[in-house]
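First chain A sits with chain B, and in the next complex the same chain sits with chain C.
Take a look at the complex of A and B:
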């Protein structure tokens, strides 16, 4: 029996490790904010962290297929802008439009990566300028407005229900379903051994386009979430999400080379990064030192993780 | 009627013609062996059939229809299954997921793990594999992974199965289960194309043999009408004895002091001298070993390897693919972390990095030239001077390169090694494999290494260049160098080496020299190593 436990532990080393780290962080957090575990506090925090969690899920999706998306922040801002501009005409329509915009820009990224034959890092860097420009066309100045009722329900709970939790639950369920489809298996196959996947008759290009499009959906949701959280849109607010989403994915153990990683670990890691940022804010350190601390903590965490899970090679 | 007909197919890569009007066919219910040396074009022609490549000219007919807009996906649809030497498994997915890679059976769009495992089991059984379908494929030893590939090829119910070195990592029992599958398919009127370096296997299982050499079909023979020697003669285009130089102590050290590839006339001279020398044997240079290795261990790759590298001798590391040979070489060049005692010239040496190895005058010619050897996007000049910066930037010039000295160095090496280039400015990636390998070797010569480590020195190289390299290595040895070679080609090890250490699961299980060094003994030691080898630890290759 202990063997079995050990095996399970090893298989979920990322989740277990991140969970442990999360407990430590929560304990420290509680020291500064004794109200942490009240429903109100949990609701508002989850509202704040949701966009990063969703963005990280998008990034992980692309990374699992062996790619990377440097245009994620721009796409997030685009979805946010579209939603904020159209929200007054009807939230549902605006949400559909925002998601469609994000999914199609994601798919366009996928087409560029799949057909250009260039490294995804270059293609999506170029694409980030493209989508950044489009976003400014949609929303030249910060503005637009999201109905106040929705903003309040999202940030402070709706009939005692924390909506961000519902969203995360639904999105994880969506991912679990995708993962058990042929597309989901192909995604891992392409990321794990692209040539092998091709030689096995998998449509590698289609899978890549699909991965970027699915990532677009996650990022679109993140953009909507951010618009609802802040109550308006801002074309320039997306940038930090690009690198933060990569940091969360790497921290979660998603391989840069593709094929390895679990989405629940990504959710935990994104949560961790969000908490860490808040925590540093509480310490009253100057913002400069906060950045330095954040960088240092990330490097240490990733180094420890890499060391603990490194596979032996000859 | 032929199930598959290859008609006058040609294919070139970057101006190198690898296939020249190749034609052969495979009938329904037939097993065809495709034979040829490394680089003869076997894998290329098979890639045309499986849709990984398309021909420049000529055509391939399947079931009487020419293949158009061909891709691996289409090939699989019409019933062509293949197992290649290079694994196409995804090491991070489960065995069951790999067996159905790309064609997972789905119920209402969902692929269920348990369902997948259930369907995989009979296929695994068919190939004689007793593993849990839910294991990650990457955790299995190489041989079992190869069987998973076979199960994967069988999953689509192939009418034509291609086995490209599919038995290279298998032990006797596993080979038997593969052949059982082949017999089953033949009985069901399906066809098989098999490629293998193990000649005995080919004679055991095939109906006809087609021999390729340098991209051309030399002949197709019925198994009953041919024998081992006939096929080998067709493969290398000359007698075996002509390919390899005499061994240590048997030849005359003609011109041994010059490290250069000998000309035809010199080879002939050495050969005739060898006849004389054989009678009054020249004593082998036997001093103390240059490099004495005791208990060399690379975690997860090799364990407790002892080697004595003597000046003047060529030692081989044999065995199946991936038994730790590569790790031994890389450890001795300081590329991987290792433990054990290493003495260089009787003094303990620490080889923690290539820099330290080079300082000890150890040189390494890697298996994958493009990764650990050459800078293929740069020209021949830059590649040759990079390892000889001491020569091209003499002290008085401080830091700048002396173009004159560099040109002299490059010209000298190009001439001595008979490297065929348009000029020193030609990019290395534009050279043929054989000439790339010569550059990869030549770059070490000016520093006069005492130990030369070579991994698969002739893989993907034409037979003429092979012969040149064999003679060069012997000359270097005669000049006092200690040479260590790994090779998956048993003929090469037997023909070239003075002694071969056979490895299995990271340990040396047998050492063969003199009379004992024959292909038969070598193959037997490689695959039966299982019984002799200590069965602990070292078997997992990441």
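Take a look at the complex of A and C:
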């Protein structure tokens, strides 16, 4: 029996480590905010962290397939803009349009990576300007509007229910389902060993395009979440999410070379990064030292994590 | 196998210790202010969330607010003051406002990264009984105190002066900021309104540029080479004006009037070229907007009635008052400004 526990633990070293760290952070957080575990606080915080969590899931999906997405922030802003511009004519239609926009931009990135054979870092860097420009065409200056009732329900809870929390749960469930399909297995295979996957009959290109499109869906959801959180659209708001999502994925143990990583860990890591920046706001450190602290903690966290799990890649 | 566990355990402990140090390394200052029992006269906890802190204009604003906070602390009106820098990340700014709500700040100042995205967070703060004052880069929410300048009036003032200076006729270049940016569009709208009164003034070219010296110099040089016979320039930003004036000086051309802003690089050049007949009218986005917002918020938190929208008059820098502004010993990239006298601030906030 202890052996089985040990085996489970070993298999989930990332999740366990991040979980332990999360407990420490939450304890420290509670020191500053005694109302942390009240429903109101949980709703507000999950509303705030949802976009980063979903963006990080998108980034992890692409990274698992051996790619990277530098256009993530632009696509997020595009989805946000589309949703905010159309939300008044019906939230559902707007959400579908925003998701479709994000998924197709993702697929377009995937096509370029898969067929042109260009390095993902170059393709998606170029794409970030492209989608950034398209976003400005959709929404030249901050505006659009989201029904006030929805904004309120999202930020302050709906019948005592933390909607963002539910969304994250549903998306994780979606991922779990995808992961067990042929596509989900192929994703890890292509990321882990592209040539091997090809040799065993996996349509490598299709899988790559699918991965970027699925990432687009996650990022689109993040954009919609941000639009609902802020009650509007803003073309410039997405940029920081690109690097933050990469940081969360790396912290979660998703390999830059593809094929290794767990989505649960990504969600925890994104949560950690969000909590950490919030916590630093509470400390009363001067703003520039907060940036230094944030960077230092991330570097140490990633270094320690690499050190703790190094054997795996030996 | 055991080794890996030990490592993992060490790692987690190390990380935990680090996080704990990060969290607890600084004393939270609220213990001291906890037992204030003086009702309305209680010293306030004030925070400023700004989208950027590093540009020189922000640094000067930061210093001006800090000086004023020191004064108000001396009077016992402020207990604690914190600056939060979002470093260009609007989502981070939302987090900052939320953190200040949770930490029960009394006053929140905001220089906004988005005119719309912060509205829900700021209105939540207002609903929690916090006084929120927004300045410089304004938001659309009407529930917060907003302190700013009228950008259309900026353009109108410059257009009017240029029209009069040219005696109502001549050819000018319009030198605007980036297309599609609200500030740039509003200033140009104002200028067009004013120039309508001078039908004999023709706009030979309408040039757009970022508010930076290098791109501005290139943009102006090409427009000027196509229209070397202009009689004046409507410029809506200090770096733009500096670029235009530099071009005239470098090419040893006749000086024509150029409107400007309190960008020290331009003011220095203006002073130097005054002897050669150069003339300008400049204005400024005054750094004391932050101080006015602070004073208004402190007054409101103390129970006073404060107007919800405070439009601060634009300062005028003329050929005669130039010497009070230009700072020869300071870098080009700074924005010299005279502080606003306290009675005038009091008048603006309705005291």
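Convention: the second predicted complex is superposed on the first by the 311 of 314 C-alpha atoms of A that agree within 3 Å, B and C clash if a C-alpha of one lies under 4 Å from a C-alpha of the other, contacts with A are read in each partner's own complex, and residues count from 1 in each chain.
Everything below uses one rule, namely that contacts are C-beta pairs under 8 Å (C-beta built on N, C-alpha and C of every residue); 3 or more make two chains touch, one makes a residue touch a chain.
These figures come from a predicted structure and were not determined experimentally.
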| item | value |
| --- | --- |
| Superposition on chain A - do chain B and chain C clash or fit | fit |
| Chain B versus chain C as contact partner of A:111, first or second or both or neither | neither |
| Touched partner set for A:91, first chain B, second chain C, both or neither | neither |
| First (chain B), second (chain C), both or neither touched by A:48 | second |
| Touching partner for A:230 - first (chain B), second (chain C), both, neither | second |
| Chain B versus chain C as contact partner of A:260, first or second or both or neither | first |
| Touching partner for A:193 - first (chain B), second (chain C), both, neither | first |
| Greater chain A contact set [chain C / chain B] | C |
| Lowest inter-chain C-alpha distance for chain C and chain B in the superposed arrangement, angstrom | 12 |
| Touching both chain B and chain C, residues of chain A | 311 |
| Sites on chain C touched by chain A in the complex | 1, 4-5, 7-8, 10-12, 14-16, 18-20, 22-29, 53, 82-85, 87-92, 94-96, 98-99, 102-103, 113-121, 124, 180-182 |
| Complex contacts: residues of chain B adjacent to chain A | 50, 52, 71-73, 75-77, 82, 84, 87-93, 97, 101-104, 106, 109-113, 152, 298-302, 324, 326-327, 330, 336, 540-542 |
| Contact set on chain A toward chain B in their complex | 177, 180-182, 184-186, 188-189, 192-193, 195-203, 259-260, 311-314 |
| Touching residues (chain side chain A, partner chain C) in the complex | 9-10, 13, 16-17, 20-21, 24-25, 28-29, 31-33, 35, 41, 44, 48, 51-52, 136, 140-144, 151, 155, 226, 229-234, 236-237, 239-241, 274, 276-288, 290-291, 293, 297, 300-301, 304-305, 307-309, 311 |
